[in-house]
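Labels run A, B, C and D following the written order; every chain starts at residue 1.
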């Protein structure tokens, strides 16, 4: 039984890790921290986790494996000594997602707290980077939007099927914005309303571009516009990805390519009807629906996932499973909460 | 491994049974039926159940245990021959909840289809009727509202703490009304709105009264007003139950009585802060919050549960576990999907 | 044209006043204040009020009539000098609702800031207190819950129809909790969930009791339990009010009594089907549905209103109209925003 | 006072016409029809319209002006004789939106019921086609999606600012799908979920292309991909429109162009912060937010409107006002219902 710790259990990603680990047969939650709530019972902070009967620790106890759900910068600082001492870590923050410390500084507004660790990092989109994940002790868990966009675009990008003019239009539930207090996230404000944000450049954009480039076969680099939207629900991301076909393909051919690409992946399903986020709520699944707009010769791929599971805590546990040599589906294989 | 069948998997209760059974270590879903959808793949009807890779059968195949999620009347008709042949059945419909066939006829508008089975039935509120459930082969799974009201009132009623003037004001998500097409259940109609219904007498009222009477110690029979409301969400019931204290008690004393009453129950938790339905979403838990209004000497007990789990499919599996001699929590012990 | 000022336009009640006054033919919004937002354009704080093209003032300008939407205590302090100088005021805060300064201190936790004004106050439930409203220069606009409960119970209470054991179970949208930042009001927390609060005694309880007593004909004083609930929507209150009939009445008789009682009231409608809050959203209407539970001889009255309109800003304008001798419906007569 | 009739008041667009006309100073609702509800009181079908105290007629009575909210095909059939006899008509259905009867047949699956009227039609996007609207007696009211997309793209398209590769990604509340009974529109299914539809070609696509072509200055025709999405709310459309800049422009320059273009339009506002649909809920406003993605030289324009008002009934009344020589804002100038 692996003793697992969670740094900052008090946000939504941290709490979701605790929820999912509850039924993991080989991992046991041994210690959790949470800045302002240290000393409280976990049940007091999150009544839905009352079954744990454990307290929020000021510092992490003795554990074999660590998930960090700290905010960026704080995460790298806390994670660095752990990595130094050989504890495997999956970092859910953004700190190790960008390979280049300069780009990090540009987008996250500050020097990278642990640039010396960057070469050791594996980008934790397990489906696209499995061997590196297995070989690494420090995983940068992907952002929720990049996860949805990259799973949607990877088969086409790797096959050289699409030109560089890529548009990613994403719709997210509000839990992606976290548990902090913002007026725009009040039910009275966000309810019954759709809004757009991040038009000046969302921090997930450089992550998407970085990973797309790695799989890109065309000569011209991808030119990505990424627009996130807030929809009045709690969980779920639907990303609609548009790219020109660089070679003529029918929808049937494209679907076959996608089916083939993900044929061995337990968590990615190529669906044959337009998907909705509720079909994957609470699960580690990502449903991908590739189509061709024949009027304009464009590939239009829609993906749906639960931003707190496949977009955060579930993907993190999938990475842990891979790192520990366990079946990747262990503890995170369940049907969605529908309706 | 017990081979399990579901009659009418295509409603919300049936689908929820399939969802929960997916991770049950001792039960395996072997056959499902569904009137209009027979022949289709389960994944086509419910994309979130795609992992099952099974078809909707026209008739139930060879199974060891049956859940019926058929509508009332149809359920008793389908269940009767199964019971005759010795197959244990948990009936989620209302057909076997009322002990008296005449009362059934009055409230459900038709002769009872199998009155000869009524003496064999155990009312499946496991926490309050465990021994009968274990000894029976035909369980009447409780209605979702009665489940919430009875768990809230039982400790006080059995202790003779309250007088007969009982008011139960319940608030339910729309999934309780089923998957049928009604204009009032459209998102555009039911969203951003609270409404009241069933003021002329809801079918769950006689069920509540029948079970309350069994536990009643006072001389005067309980006089229950039950008012259901529809709130703009999918899952969850919150019942606020009011009754005059027939003997002076402090809130501390009442809480102790409730704690004591449910001390061995894994699914009922006496909480110490006002509860919300989200704290139990997707789970078989019922949170109960007993308080005393000292200005008026009234007991006010609030309970929350997920109408599709503790109010239907989860309770049914708890009953199955009890009938089969398995731990009651098997397969249905998980934290809520929060947020 | 009456020049109107709003103290604290930046909360929901203040903004709603501005919304409704926009189309008032005899009143013109002349000045608005708002603590932290002074100096900003109103359009910046509330894009939906952009048509006003006015700024948030640090102090109220020259106006003929004032609405105060300040928090309690602050409101009385700001209102007192206005009343002194003869400016008519409708106070939406709670400061002048309780007739007794001692009771105010008990429930609101501090000395009343202007007890000398209490004798001059009229309680602004226009339908039940019209003459006093017309004769006063200082109106205590009712709380949203009392408004819904009193309109539901007044006909029965005044007719001596009911006994003292009254239970008021109210369900409110989250805008009633205001625009302040609380975790429990985030969409991710409050969405898809019903919760209960105020079980130790909500501040609207003494207001309800005070006003019920004034209309009470029975010898025994009303014993009221009031339980507010939060439902996952923005606007609307539905109150379900329970009381024992002290004299035998059929539902038809009760309905006739209610019809009669409100026959001249443009904003109160006795409806003949179970109501929903959406039917009155955005309007000053209150729909009342009186029923009799014949099994228990209880009166069950359900009322619905929009907490920001009939429960706050609309009622305030109705009061202004009455005070100024204008038709009470002026500027606030419109159909609901449905769906 | 113009006597107005509504064909098919029983859908959402028809009911919204009735709601908005209630406060129109120069128009009076004189007769309404509704297929299955004929004979009922309007209040019975729509409690929020109870103030009208009128019945649903089997046939339209004597009126001076007609709005048709009938389904397509049925609308043209009912409207043709009215137009023949000189009654001015605004048709909210799709029947007269496409100029070409062949294209109609292709997209709507049937011969056009009244092709002889097509030459008389004016496309009723008043802001872009004012003079034709004023001169016509038969107005094709725009589809809700085209309304949002065309208002967003017109300034750039008419100025020759953008190249032909246009992507329109729209997010709509469920009321756009009408009041018919579909399982996917139940609150239990559509709530807490985002979905995509219409990927094979939505009927609003040819309408968008037709109108864009009319304003197009570039040599190459626009190649439009239009993807509609359903978000869990009732009212509102947010369209995110992407197009390559064909000439280098800063965001400031683009904003100035947009400001200039709509400077005299009372209903279109160029906003300077990312918009949300709630800011325009219940109103005839369209907020447009033009931005430039400098990394990719793309124009990204976001527009928001209420699909039932600016996208249907409000636009129809604006057209009526223009046709009758009344101020266009008459009766439809009010702030949004916010929150």
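The rule is simple: contacts are C-beta pairs under 8 Å (C-beta built on N, C-alpha and C of every residue); 3 or more make two chains touch, one makes a residue touch a chain.
Worth saying up front: this structure is predicted, and the values here are computed from it rather than measured.
Touching subunit C and subunit D together: A, B.
A count of C-beta contacts for the chain pairs B-C and A-B puts B-C on top.
Between subunit A and subunit B the centroid-to-centroid distance comes to 36 Å (mean Cα coordinates, whole Å). Averaged C-alpha coordinates give centres for subunit B and subunit D that are 46 Å from one another. Residue positions 12, 173, 175, 188, 191-192, 232-235, 275, 278, 281, 339 of subunit D are each in touch with at least two other chains. Considering their complex, residues 12, 15, 18-19, 22-23, 46-51, 175, 191-192, 234-235, 269, 271, 273, 275, 278-283, 287, 333-339 of subunit B touch subunit A.
Only residues 165, 167, 169, 171, 173, 188-189, 191-197, 199, 201, 223-225, 227, 229-236, 238, 240, 242, 244, 274-278, 281, 289, 291, 293, 295-296, 298, 300, 302, 304, 339 of subunit C touch subunit B when the two sit together in their complex.
Every residue of subunit D that touches subunit B in the complex is listed here, in rising order: 12, 173-175, 179, 181-183, 185-188, 190-192, 232-234.
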